Amino acid sequence: MLSVSAISAGYGSFQVLFDVSLKVPQGEAVGVIGPNGAGKTTLMRVISGLVQLHNGAMMLEGHSIRGLPAHRIVEQGIAHVPENRRLFPRLTVEDNLRIGAYPPRSRRHCTEQLERVYTLYPRLKDRRGQLAGTLSGGEQQMCAIGRALMSNPKLLLMDEPSAGLAPLIVAQVFDLVRRIRAEGLTVLIVEQNVQQVLDVVDRAYLLEVGRIKLAGTSAELKGNDFIRKSYMGL
Amino acid sequence: MTGRHAMFAGLAVVLLALPHFVPPYFMHLLIQILIWGFVYTAWSIMGRFGFVSLGHGAFMGVGAYVPALLWNYAGLTPWVGIPLGMALSVLLGLVVGYPCFRLKVVGHYFALVTLALSQVVMLSIVAARDVTGGSLGFTPKAVGHSWFALQFPEKVYFYAISLALWLTGLAVWHWIDRGIGREALDAIAEDEEAAASIGINVIGEKLRVTLISAALTALGGAIYGQYMMYLNPETVSGIAVSLQIVFAAIVGGTYAAIGPTIGALLTISLNEGLRVAFGTNFIGAANTIYGILLILFIIFMPRGIVGMIEDTFKRRWRGKTASTA
Amino acid sequence: MDIYLLETIINGILLGGVLALLALGLNLIFGVIDVVWIAYADIVMCGMYLIYYLNAELHWPLLLACSVAIAWVAALGVLVHVLIIAPILGSAPINQLLATGGLLFFLQSFATLLFGTDFRNIGVRLPIIRLSGIYISSARLLAFAVAVAGAIALYFFLKRTFIGTAIRAIAQDRDIVGLMGVDQRHIYLVTSAIGGALAGLAACLLILQYDVHPFIGNTFGPLIFMICVLGGLGDMIGGFVAAFVMSQIISIGGFYFSTELSYVFAFTFFIVLMFLRPRGVFSR
């Protein structure tokens, strides 16, 4: 569904990604792992349009989405759950969710989508009138994912969903991801928590210093010595 | 270095000889350029570090009215009146500046507070119309040629005074530019919190430049009043004057000492030119064009004329060395 | 209580209505676009002149003139953003301030060019109402009612509509609203239009009570700025409350001193409050 070929991107004269290619087949979950500063978040931002790429191609379902600004990419069907959630702190949970359905195409279905998200995450429904800034870490992550789902995306990008969360909550978050997967949504997850993410995705890429170092199915990567030593402490 | 010295010497000779072969009208313009140049330079002493005050009209107004009022009502010589005006301005700067700086009122907030200040000063002058003449203006009692009253009908004297004033302004600018406090001010301009955390007395430094700036602006206002022999709240205080000061300083460029003076040269020439062109036919036409030019200036030449010239020279210089390399 | 003092207090509340409307507009624009329109009061002045021109010179019905003015000033707001603000969005905030300062200068001069410096009035005389010994100008009462209605309408717009929610969101986190499909530039235009519309509405309310002249912006402009700083720049509710506090100070100051000195009074109050709480006394 999503195909990214040989992209290079960065901030001003500071290049972060070098010749990165990856594919996300429809209906699958793909992970991108790697250390801090590898460029994982930049990769997400390039795909969602917050950062423009310098070189390379980016195709969604066959047509190019290169050069589109973020709000147009959302309309194309890609939703991005940003690193650190980035909820609007002084908007209520419900308002945060509703703003997720901003694209005109999605507005019509706002109420349905809202119900869908509430069914998926009933705790959000309990807290619908609460200011998002007052939610706990795990609830915020739930809300952020829910917000992204409101536009009924074809592809969901998740940037470090476990960041800053306690281990118990991390497990809950990945459960949420599994539930979304079960609905058939295509997902691309960027994560530092290698153990958890490899349990959830079908295939993964290892990004180090802006380049793809390894790629394979999650089983292959779990069995890979380098990964086991460097990233799983085994 | 000798080339530069020769240039300055030559300039000095020209400046000193000017009154002898320049007609009074141009002398009048020149004096205004020098006085306003001084005022704009006074503003840029704090403005160049990012402490943008939109309220210098307040200081100018106070500095102009105090000696004039004291002269008319108490016969007090401007030699005493002017320092009093400066002191009052400094006090005003302190009263408004201290809470602002102590409570980290910066940027937009600071600009708006100072803007309100200048308006309040103007309104006060207008409100006290029984004493100050309000919007109709105030005329210091004329006594002809007098050192005691600091009044000289012959333009040469005020030319010399304004020249001295202008040079003083440049000297103070350089003193602060080269002084020990300069790096502290740069640091504060860059990042106040960081500067405070390494022990810089942020409030003290900011107050220092602000009060110096206020005092000098007041002095400029006083001399302007003494020269013009007529004060009007609109021309020496209020929003329009405050904005005018900022514009001219920025148009000329605040990165070099001469910048604000260039700004004065440009704006006064422009104003005069427009005034002559339109005469009294279209009141407001001159200022309308002026306003448009200001907007265009901010958009296209934010570093001011001097900044732009600097940039052009830098580029050419780099180009030269690249081609010879 | 002294009947005149009561009257003063009531007048203060009524005065606060229009000031609150303007504070809302200025705060909205600042909260979303992060720029202060120094020329905001002069934009109101433009609206007042338009109403004057349409009503007193072209003899259009007042209500029509006012409606047209609101739309026109909204368009002016968009124009200001597109021509002056947008080109310099990336540069130093001081440049943005100065550019709107240049606009202030331009608008005041242009108005002088078109209309001269005379005071113009649309000659509407609404009756003075008398309520148990207190005299209230019905024009002022009307202005207050409409202003409050406008504020309420704005509230519901911001709370209930998609664009309104997007406006609130962008004020809280500008960078990622794109991820929700919100076009930043579009929101800026809408916000500028709303800011302009509020100014236009204020113009309608002010022209009922006061004469217009090119420099009328200087009379309430600084007041609006003080109000916004007091309430916290960008804080809509803070500005709303601060407007009524300041208008009360002005009113009472005018009662005990003179109208002009009431300004000095207000400014002194403002400075003193700054000593107490800088970021905005009434902000959260």
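The letters A, B and C name the chains in turn, as written, and every chain counts its residues from 1.
Following the convention adopted for this analysis, a contact is a pair of C-beta atoms (placed from the backbone, for glycine too) under 8 Å apart; a residue touches a chain by one contact, two chains touch by 3 or more.
The structure displayed is predicted, hence computed values, not measured ones.
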item: Smallest number of contact steps required from chain A to reach chain B; value: 2
item: Identity of the most central chain, Cα criterion; value: C
item: Approximate Å spacing (C-alpha centroids) for the pair chain A, chain B; value: 56
item: Chain centre separation in whole Å, for chain C relative to chain A (CA means); value: 43
item: Averaged-CA centre spacing for the pair chain C and chain B, given as whole angstrom; value: 31
item: Partner chain C, residues of chain A touching it in the complex; value: 48-50, 69-71, 74-75, 79-80, 82, 86, 88-91, 95, 98-103, 106-107, 147-148, 151
item: Residues on chain B engaged by chain C in the complex (per definition of touch); value: 50, 52, 54, 95-96, 99-100, 103-105, 107-109, 111-113, 115-117, 119-120, 123-124, 126-127, 238-240, 243, 246-247, 250, 282-288, 290-292, 294-295, 297-299, 302
item: Chain A-touching residues of chain C, taken from the complex the two chains share; value: 162, 165-166, 168-169, 172-173, 175-184
item: Chain C - residues contacting chain B, complex; value: 30, 36, 38, 84, 87-88, 91-95, 97-99, 101-114, 116-117, 214, 218, 221-223, 225-226, 228-229, 233, 258, 260-261, 263-264, 267, 270-271, 274-275, 277-279
